[in-house]
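Common to both upcoming complexes is chain A, partnered first by chain B, then by chain C.
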Partner chain A sequence: MGTTSRATYKPAGLLSRGQCLLFGALLLIPCIELLFDLGISAPTRFVLGFAIVGIGLNVVVGFTGLLHLGIAAFMAIGAYAFAILTCTIYPFQLGFWPGLFAALCIGALAGAFLGAPTLRLRGDYLAIVTLGFGEIVQDLLKNLEPITKGTQGINPLPAPWFFGLTFASDTPKSWYFLYLAILILCTILVRNLEHSRVGRQWFAVREDELAARCMAIRPDKVKLTALAVGAGLAALGGALLASLISSTGEPGNYDFQISILALCIVIVGGIGSMTGVIVGALVMVGMNSILLPILGQKLQQAGIGTTTSVYLAPDNYKYLLFGLALVLMMRFRPKGIVAAREEDH
Partner chain B sequence: MSATPIIEVDSVSMRFGGLVAVSDVSLTVDGGSITAVIGPNGAGKTTLFNAITGVYDPSAGRVLIAGRETIVPLDARAWRSIFLYGIASAFLAAVFLNVEEIWLSAVTENYVYLKPFPWLEGVGDAGALVIAHGGWAALVGGVVGAAGRWAIWSRTRRTPEIVAESGVARTFQNIRLFPELSLAENVMVGMDRRMHAGFFASLFRLPNAALERQKAREEATRLIEFVGLGSSVDVRARNLPYGHQRRLEIARALASRPAVVLLDEPAAGMNPTETVELMELIRRIQGTGTTVVLIEHHMRVVMGISEKIAVLDHGEKIAQGTPTQIRNDPKCIEAYLGKEELG
Partner chain C sequence: MFDWFDSDVLLQQLLLGLSNGMIIALIALGYTMVYGIIELINFAHGDLFMLGSFLALTLVGAAMNCGLVDPALMGESSHWWLLGTLVVVCGIFCGGLNLCIDHFAYKPLRRASKLSQLVAAIGVSFIIVNLGLFWGGLPMEVLGGGGAAAAPKDFPHLVSDVNLLGEESFVVMTWNDVVIFVVTIPLMIGLTLFVKFTKLGMAMRATAQHATAARLMGVDVNKVIAATFAIGGFLGGAASVLYANYNSTVSFQMGFRAGMDAFTAAVLGGIGSLPGAMLGGLLIGLVRAMSDQYVGSEWTNVVVFSLLVLILIFRPTGLLGLKQREKV
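Our next item is the complex of A and B:
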């Protein structure tokens, strides 16, 4: 019987079946728009950026079991590192790609540095400390005015370049394809980690730290790796989102709300499942930046928009819908839309 | 089989506040043997296991594994790491506490919009400022960094991972598997000690990492068959029945190819058939050259397979010897059955 299972074993593919389907569907969106102008590929770029942040947070929360409530701080660090290294008001003036890579590395380093003092904390205590880090980073960015321009934010930021594609505000499709490609690349690489020795160490520490230690696994090193990967991806997502609006925005944009949004993406999508996280980003950010604005527009066109009553502005129901999504999920699919481990191989 | 001692417990005591859980226990385990530690509930058997495997640091006494104390020494490597931490934190403190001034004098004053940046001057100005204003910050930062590294060193001299690294594997009284992982993955975690794939090899799925994983998977399958769970390699551990979970824990412990494996009540909750299979399994483990130490309450298992028995009661070792000696030892009979009423 053992021999049959040995024969049927195949190493994990580059992407799982669910991920292939999902990315296929995402590739179709701009193609459909060539026929009917739905106007959704432009806002979906934000979904892709947040999906990368979600994949990063999922490494920390889902794979390693560390409840992290300050991921927005690393988005801010990524966005500001990208801005300082690329914007013309600073002397460094790297291009888009070197800037993006540097933001990823700086984010990962910051993740490891801020993570090092927290290694002995668990559960709620770790959550409180990471929450504090999130606030401290915001205040730092606000108050280091000569470096970060304080509450003004840094702009303009460079748009991406890629052979033969133009990236301007009226060409959302080229941005869309590029960001989707980056998301797919991140998914493949994190999936490689998930199905390797590194991922196994993350899972072991999450499941039972003492048992893992008795198997000669060093939890400090394992947790630091996870925190660095998570922070690096969050920084990458932050930099991509900043490049999208050509500004870092003010430091207050990277507040607790954003950390919670990222956490909701992971929890609603399916904690520990990368397919789930991307679905979660589609649901949470998609509702926020695609569904509600379009609904508002339609209501406006029908003559029953905000001018008539504030109750008719769909955007005002944002947090109500967030809450509803969480309640429904806890009731009907407590493991998230895509439960981890149902989607393996 | 060689009779050199693989574990030497040298007058170990474990105190928790006022409670003495283990008091001055000495114990020698010969390489290649099966040794049992028995005693009534609360006698300190599991505490002794925890002290051996580094889960607890003994309050007194020492534990030698293969003749060596498994403690990280304060050698050149430890000093070098303390020194490097000191330097790094001194530098970081000097830079971060003056970051605004450094930026102003090095970047803002030297950069004219869209003109090439004079890098040499910038770096020079920054360096001059750090040297001029960073002295105290560097001193305090360096001392704190070095002291912190020293504190970490002194607190983690004998941890479970260091003991496990030296070839001691164990199971737990209340099963501690990785419930959401498959059987194969559970066992592969046990193999981690012998694996080499680093972060970047894993990230890019380099050929050597993929090959290592493939081999580990095959070996895990063999080990799972060895403990008699052959058909369910990809089942999640938490879906296994209780007795099978115990055997999976043994497979995971064996996966690190330890010199000695410590089994904490392996037969607990098993029915008679399973118990017989377990005894058979333990003998096969001994056959592979691995030393076995077990805590057990089933006297049939203990008397049936162990070559040497140590008896603990109230934290003290009251007897040690062969099964026949222990069976006839009045102190052991007293510990288990109570004192004979006099008068």
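Our next item is the complex of A and C:
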């Protein structure tokens, strides 16, 4: 960087201190499991996948201030692109890593393509349009049955491969480490974007579009990059999650509820803070995919939780918890658990 | 199925579209009124509507258990008094609930950004969906529909199923269609007169134009907003009874769908405009019916959402909305 004349330019460094601590803690989980079998590293892989989606959504909602209510559509696009390019019933059969990379690119392209017509819209209208896209993508996947296999979903999907590691259903730890590594890479990437010229433009547009325009920033272009980065990461997360269960699942799995789960991750964790988003993923997805199912099992074992009563299945409190999380966070702690520091920007 | 020249099919779909459109219009009024006043997309409105229909179902079940109505006669004889009572009771219930939602969830955020309010509204919507799921778990087996809490429940026809056009007519029009118009048209006229000629209505229009100026003129803005939520909720509650009676089924997840239809209608007509919401509701009802018949029902949601996206992108002021310049 010898040629740069910008005095304010400071390399962001790889990770902030909070992120280092967080990833260190995440690294410890499977190590502890070597001693005590807690059985949480397997479900925590979902947390890691959703954390990547959350980081993508955070670029759009947190950094650029665009409320996006259809991020699940891009998870679906990523998962289906990955599936179609890698599954043995299609002619492409690219393999895990090229497929993953292609899913990321297709997701980013789709994000830019769907984002382009929405750039003129005001905040709340943009939110509704993204919601509309989310629903349309879901129905398209359901109805274009010759390509997407309709409600069956596409399976099987390839497991990852990595030098010397085996990825099978009974080796969750190697998945865990690989997904954690991808999450760390994404964090480093977005952190560097955040502290680059692009990132500062995002913040400028978020704070005041008109003022940004006066500073010769083109809000359209800036919003488009944010939407593309966000959608690309969401697609990556979607593809990783699909690979985890070796199926895209049915299109109905990528519904509004998932978009809101991703939004909860960003808002509960700390809107605009990368550390916060990962904490948010731990809290929300941890509750959704680890705590509630375990609680349900325990209740069942104790003989209390029968499947006949809707009130005793913890899973049925999901909507309530999502809703309360959003309402209470907005009311009492709008910046989230880990508030983004203003001076960072 | 693709026979365009079968006028009977077309007429039937038109009737279906108009009837459902009137219901959508009634819900859309709730969206458009709230948006007109505080620029909030009241995301929870559709789910409020869902809760209203659950109350209606519970009350019908209660009436059957008390012997007030004979389950065997459902769909044969008309229970006008029951329907009327339900419209009023569910309307008041939803109006009151909407008032509480505003008070506890939205009011503290009045000065926060528009997006935080929208996020809170989505949160409220999810809470209500969960309440609907739990409500569905209450014993409602009297009606025979759905043992599981999440399953859609059957709602009986409260008025006669006899075809008013004669037994041999292909097009079916029953009192269930008629009752929709009998309830919605007076409500819409009443609302229009209320907003035009009463003092509170004038205060509402003033607040919608400029809240600060209205406050300076002595309008109690908070009271006006509360009244708006109550009236919008009442209309949603009334619509929920009509919807349940007309479509014979209620489910805890129907609020999202109905809410999106109604919101699309409000935007199509021009959000903030009362006649716009009514027109938009009718149009969306017709579009849905036509798309069900001539495009395929699996594409109807795509059609409606595409319409929503296209209007928002190309004509965000809708058909009857006023052009607004972005304020700096």
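One rule holds for everything that comes next: the second predicted complex is superposed on the first by the 318 of 345 C-alpha atoms of A that agree within 3 Å, B and C clash if a C-alpha of one lies under 4 Å from a C-alpha of the other, contacts with A are read in each partner's own complex, and residues count from 1 in each chain.
In this text, a residue touches a chain if its C-beta (ideal position, glycine included) is under 8 Å from a C-beta of that chain, and two chains touch if they have at least 3 such contacts.
As the structure is a computational prediction, the values presented were derived from the model and not from experiment.
With both complexes brought onto chain A, simultaneous placement of chain B and chain C is permitted, the two fitting side by side without a clash. Judged by the touch definition given at the top, the superposed model places A:Leu210 against both chain B and chain C. Applying the stated contact rule after C-alpha superposition, one finds that A:Ala181 touches neither chain B nor chain C. In the superposition on chain A, contact is made by A:Asn192 with chain B only, not with chain C.
Angle at chain A between chain B and chain C, computed from CA centres in the superposed arrangement: 80 degrees, to the nearest 10.
Once the two complexes are overlaid on the shared chain, A:Leu320 sits against chain C while remaining clear of chain B. In the overlay built on the shared chain, the residue A:Leu38 is in contact with neither chain B nor chain C. Contacts of A:Leu144 after superposition on the shared chain: chain B is touched, whereas chain C is not. No C-alpha atom of chain B lies closer than 10 Å to any C-alpha atom of chain C in the overlay. Across the superposed pair, chain B and chain C both touch chain A at residues 210.
Of all residues in chain B, only 53, 55, 99-100, 103-104, 107-108, 110-111, 113-114, 117, 122, 159-161, 164-165, 169-170, 172, 176-181, 185, 188-190, 192-193, 195, 197, 199, 202-205, 209-210, 212-214, 217-218, 221, 224-225, 230-231, 233-234, 236, 252, 256 touch chain A in the complex they form.
Interface of chain A with chain C (complex): residues 65, 67, 69, 117-118, 120-125, 127-129, 131-133, 135-136, 139-140, 142-143, 210, 256, 260, 263, 267, 309-311, 316-320, 322-328, 330-331, 334. Per the touch definition, chain C reaches chain A in the complex via residues 39, 41, 105, 108-109, 112, 114-120, 122-131, 133-134, 136-137, 148-150, 256, 260, 263, 267, 298-299, 301-302, 305-306, 308-309, 312-313, 316, 326, 328.
By the touch criterion given at the top, residues 1-2, 5-6, 9, 11, 88-92, 144, 146-147, 189, 192-193, 195-201, 203-204, 207-208, 210-219, 225, 340-341 of chain A touch chain B in their complex.
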